[in-house]
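Two complexes are shown next, each including chain A; its partner changes from chain B in the first to chain C in the second.
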Partner chain A sequence: MFGLNKKDASLLLIVAGLVAFAPFLLNPFPEGSAMAQFNAGYPDLMQRFVIFGIFAIGFNILFGLTGYLSFGHAAFLGVGSYAAVWMFKLLSMNVLPAIVLAVITAGAFALIIGYVSLRRSGIYFSILTLAFAQMSFALAYSVLTPITGGETGLQLALDDPRILESASASEGNIPVPGLFGLEMRDSFEMVMGSWVFTFNFGYYFCAVIMLIAFYLSIRIFRSPFGMMLRAIKSNQQRLNYTGVNPRPYTLAAFVISGMYAGLAGGLMASMDPLAGAERMFWTASGEVVLMTILGGVGTLIGPVLGAGMIKYMENIISKINSDILHGWFAFLPDGLEDLVVTMIYPFIGKGWHLTLGIVFMLVVIFLPGGLVEGGQKLANLFGRKKADNPKSASTEPAE
Partner chain B sequence: MDAIILQILNGLDKGSAYALIALGLTLIFGTLGVVNFAHGALFMIGAFCAVTLSRLLSLSHEVAIPGQVDFLGNPATRDVPYVFDIFGEALGSSIIDWAVPLSILFAIPIMILVGVIMERGLIKHFYKRPHADQILVTFGLAIVLQEIIKYYYGANPIPTPAPEAFTGSFDFGALIGFEPNTIIYPYWRLVYFAFAAIIIGAVFAFLQFTTFGMVVRAGMADRETVGLLGINIDKRFTIMFGLAAAVAGLAGVMYTPINSPNYHMGMDFLVLSFVVVVVGGMGSLPGAVLAGFLLGILESFASMREVIDIIPGINQVIIYLVAIVILLTRPRGLMGRKGVMED
Partner chain C sequence: MGILEVKDVNKRFGGLQALGKVNLSVAENSCHAIIGPNGAGKSTLLNCLVGKLIPDTGSVMFDGQSVLGRTPFEINQMGISRVFQTPEIFGDLTVMENMLIPCFARRDGSFALHGIRSVISEAELRDQAESMLEEVNMIDKRDMHSASMSRGDKRRLEMAMCLVQNPKLLLLDEPTAGMARADTNNTIDLLKEIKEKRNITIAIIEHDMHVVFSLAERITVLAQGTPLVEDTPENIKGHPKVKEAYLGEAA
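Moving on, here comes the complex of A and B:
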């Protein structure tokens, strides 16, 4: 199907199914129950799942295939966001031109940075990309304020030109991004007994784009080009000796992954039309590294899993507070309850970064292949054949 | 002329901090071959050692003031630090005043301990793994350490003043024959620079003139041979890791009066220190120190009003710009050795 072999096609179908039914799957607990706070099926969070999924898929094309660890990938996401918001300001609130421009701008930006950074490899490459990203951040924050909005960020305003739809702007409300009349925030709520499922147009729009991006990444992984990138990762010197110049390939991978980041940035701006410099800060670049590693670097599905997990943790764990904890452990004797709550408290709420850091360290130490490798090990443990596990079907050896 | 001297002086304190952190990073990299992204966190832990000690010293209990009552008729009380009880009021108050310099003594054992635990407990297992894995695991560790500090000390910066004697500024210009009041420089920054110079000198002397240092240098050049000669080089490298942690920690302790410590100060410095190390040349100790001071001074020149007027925003990006230019023109950095980290 679509030029994929059977395993990949079934993987794509499984992902498509999961994404399509996400509003059901992520809302397993009835509304109003004690577990309802673990529901992740609200539009805002689901959008973030797929958008960061795209970002991580793109990062994985660079890091997973070529082994070049970029510590400045968030710069492309930021550039994409700015480009998209400018398109909303100048042209129209239709998301298509915004996203196209976001991808093109991020790609051009990646071409320049990649051309310079890829002259070096290893840690030098990481530092160079980091330096470029920090420079972009510093400039966006200070000197480029007319373009980027500086500290407040780039926002829509009533008096923006919007040359394609100047008539509709006269209503007095700032218009919202949409696709040919359908607004991104349009939602449809389905009530089934005590369950409430929200179907959001913006989410499904992002989801379709994510599936396309995922499909493209499978094709890249399986193509001769992908093979060449893997050869660069395993032994660049030998590749040189056989007379192949690896630079064009790494540069192409860098630009493609920058365009993925720009796409994610454009989508982010389409869901919520503002862009700020903090999206380019190096911690944001670190986050996508965390996602990719956590899920499983060099695997197809890993980055998506990692992005989903980190965003889920960020939103759900950070919402738990000590009252909720007390509620959970109320069955314990008083002193013990307090002790347990005190022990868990640093890891929840505002401390979710601590949990993230610990989980991440454990993954790097014990599971260098990420969640995907964990899934495989579990599958082997229970004696099932490898091919039965959809996760293992996608795995490539990381080396 | 006086403006130039002022900028050089202004660059010295930041440059000292860069140089100290970069020195520790290079020590770790040169001995153990590990890229330590948690080094900034060690700098931060050092700063919080100073915060902790100054809090410990000002722990106090209430004492009734004889013959006075407050407006409710209860005996009036005042807080008396425990230090006063032990050392008397005069000595006690000067101990509290000198909390930051005293923290040096407090921080050295703690930092060495933290460093040794880190090396034995975590980093030991990563020698054989690729550099990317080392970067990632130490990055994770940095997040964890930072969040622990944030949990116990809160997210806001904690002001930790320098001793009373060093709080003011002095007229450096008059001292070297310029017009008075042209070059005003805070005492503490000079102290910081002198302190950094002493530490850097001590580290170099230690490596150059002691048997231990000789063995470590030999191990840096060829670890395997030194091991084959029957020397326990791993143990010495562990101690070097502790030492590097102590250098970073001391840099943090003394930096507290310049910048109130907060939980993310380590990360802020780490990014720049890595740039410094790469500019100086991976694995070169003099390179790290030189690049640290150089970039600190360059940064201070770039923040001059005259320069910003010509090239706006240059003060924000100068360090990165220099790093990019140097990496592209001199791939090994300023003083990088051949064969280090060239993959």
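Moving on, here comes the complex of A and C:
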């Protein structure tokens, strides 16, 4: 199907199913119950899941296949966001031109940065990309304020030209991004008993684009180009003496993954039309590295899982406060309750990074293949009876 | 006029004259061995042929064209394939994938962006790779992870990867180094078979005299960066200068 073999096609279908039913799957707890704060099925967070999923899928094409660790990919995300917001300001509130320009601009940036950075490999390549990203951040933050909005970020204004929009209103509300009349923030709520499920147009738009991005990444993984990229990771010397020039291959992979990052940036701006320099900061570049490693480097589905995991922890664990903890442990005697809460407190709220750090360490030490390897081990554990099919399709690594 | 002509090549590393006035002519469709004691400059010479090193002076002509200043992948595209002293293969890839990469390199040149079509759909190249694997008796290992194979198999795979490109010149850098006698004999048989079946020129650097004398048609002896003698194996065996410089009592 779609030029994929059976295993890849079923993986794509599973992901499509999960994405389509995410509003249900991520909202397993009834509204108002004590567990409701673990629900992740609200539009803002679901959009972030798929957008960062795209970012990580693209990053994995570079890092997972060629082994070149870029530490500056957030620069392309930021560039994509700025490009998209400028399209909203100048052209129209339709998201399509914004996303197209975001991808093209990020691709052009990646071509320049990649051309220079790929003259080195290993740690020197990582440092070069980091330097470029920090330079971009500094430029966006101060020097290029007329283009980027500097510290306050780039925002829409009522008197933006928007030349394709007939009613360039100078009064009323700032228009919102949409797709041919459908607004990205449009939502439909479905109430079933004490459950509330939200279906958001912006989320489904991002989800469709993520599925396309995921499909393309499978095709790249299975193509001669993908095989060459893996050969670069495996033995560049042999490749050189086999008549292949590794440089244009790595550059192409770098540009493609930069375009994925630009796409993610453009989608972020389409969901919430503002762009700030902090999107290019080096911690944002580090985050996508963590997502990819956490999920499983070089696997198809891993980066998406890693992105989901990190965004979930960022949004859910950081919302837990000491009052909620006291509520949970109210059944314990007073002294013990305080002790338990004090022990857990550093790991919640603003301390979610601590939890993430521990999870990351555990995964890297015990599951070097990331969550995908964990899934595989589980599948092997439970699926031993099915001797003919020991690996579950959803956790099949790329190699 | 041979297919490979090395003229007056000099190479210095600081104070060390690694190669001094090396002249070498490898005739087409012959098997030419280069021997010499450790430090004679054999590997330096080889590296000058494949673009890893650039000689200070002199010329290296392959098939009427100069190879100097070209990168290793360009020289490979001219028709020189190289087997390394320790097998260099793509350890993370399967045996079949290892075979496909040289096939792609031959068909598509040094770069081609085939990002969407599937490797599975490349039936012609797969056939080519498979028949080469059959030729070296490795077809049963086609889906194996190549890093997990024995050293002898890795060497055979590397040889097959070079041969599937149909090179005009095959360079072998101590192809039997560290091999057991039986494996060495297998390699000799394989090379003889290859030599008979196709029009190929082989240049071989080797320590093992058994290998050299069973394969080579001509032998060049290098000592301290300079060619001492060049002759047929029979004459080399008895040559007093060679005995003195290299073979010692073993001859």
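Definition applied: the second predicted complex is superposed on the first by the 378 of 399 C-alpha atoms of A that agree within 3 Å, B and C clash if a C-alpha of one lies under 4 Å from a C-alpha of the other, contacts with A are read in each partner's own complex, and residues count from 1 in each chain.
We take it that contacts are C-beta pairs under 8 Å (C-beta built on N, C-alpha and C of every residue); 3 or more make two chains touch, one makes a residue touch a chain.
None of these values were measured; they are calculated from a predicted model.
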item: First (chain B), second (chain C), both or neither touched by A:231; value: second
item: Touched partner set for A:342, first chain B, second chain C, both or neither; value: neither
item: Contacts of A:135 with chain B and chain C, given as first, second, both or neither; value: first
item: First, second, both or neither for A:241, with chain B first and chain C second; value: second
item: Chain B versus chain C as contact partner of A:380, first or second or both or neither; value: neither
item: First (chain B), second (chain C), both or neither touched by A:37; value: neither
item: Partner chain(s) touched by A:322 [first = chain B, second = chain C, both, neither]; value: neither
item: First (chain B), second (chain C), both or neither touched by A:152; value: neither
item: Footprint overlap on chain A, comparing chain B with chain C; value: none
item: Residues of chain C defined as touching chain A within the complex; value: 50, 71-73, 76-77, 81-82, 84, 88-93, 97, 100-102, 104-106, 108-120, 122, 161, 165
item: Residue ranges of chain B touching chain A (in the complex, touch as defined); value: 35, 122, 125, 129, 131-133, 135-137, 139-144, 146-148, 150-151, 267, 271, 274-275, 278, 282, 312-313, 316-317, 320-321, 323-324, 327-328, 331, 341-343
item: Contacting residues of chain A [partner chain B, same complex]; value: 67, 69, 116, 119-124, 126-128, 130-132, 134-135, 138-139, 141-144, 236, 282-283, 286, 289, 293, 346, 351, 353-354, 356-358, 360-361, 364-365, 368
item: Chain A residues within the chain C interface of the complex; value: 3, 5, 216, 219-220, 222-228, 230-231, 233-235, 237-245, 248-249, 252, 256, 399
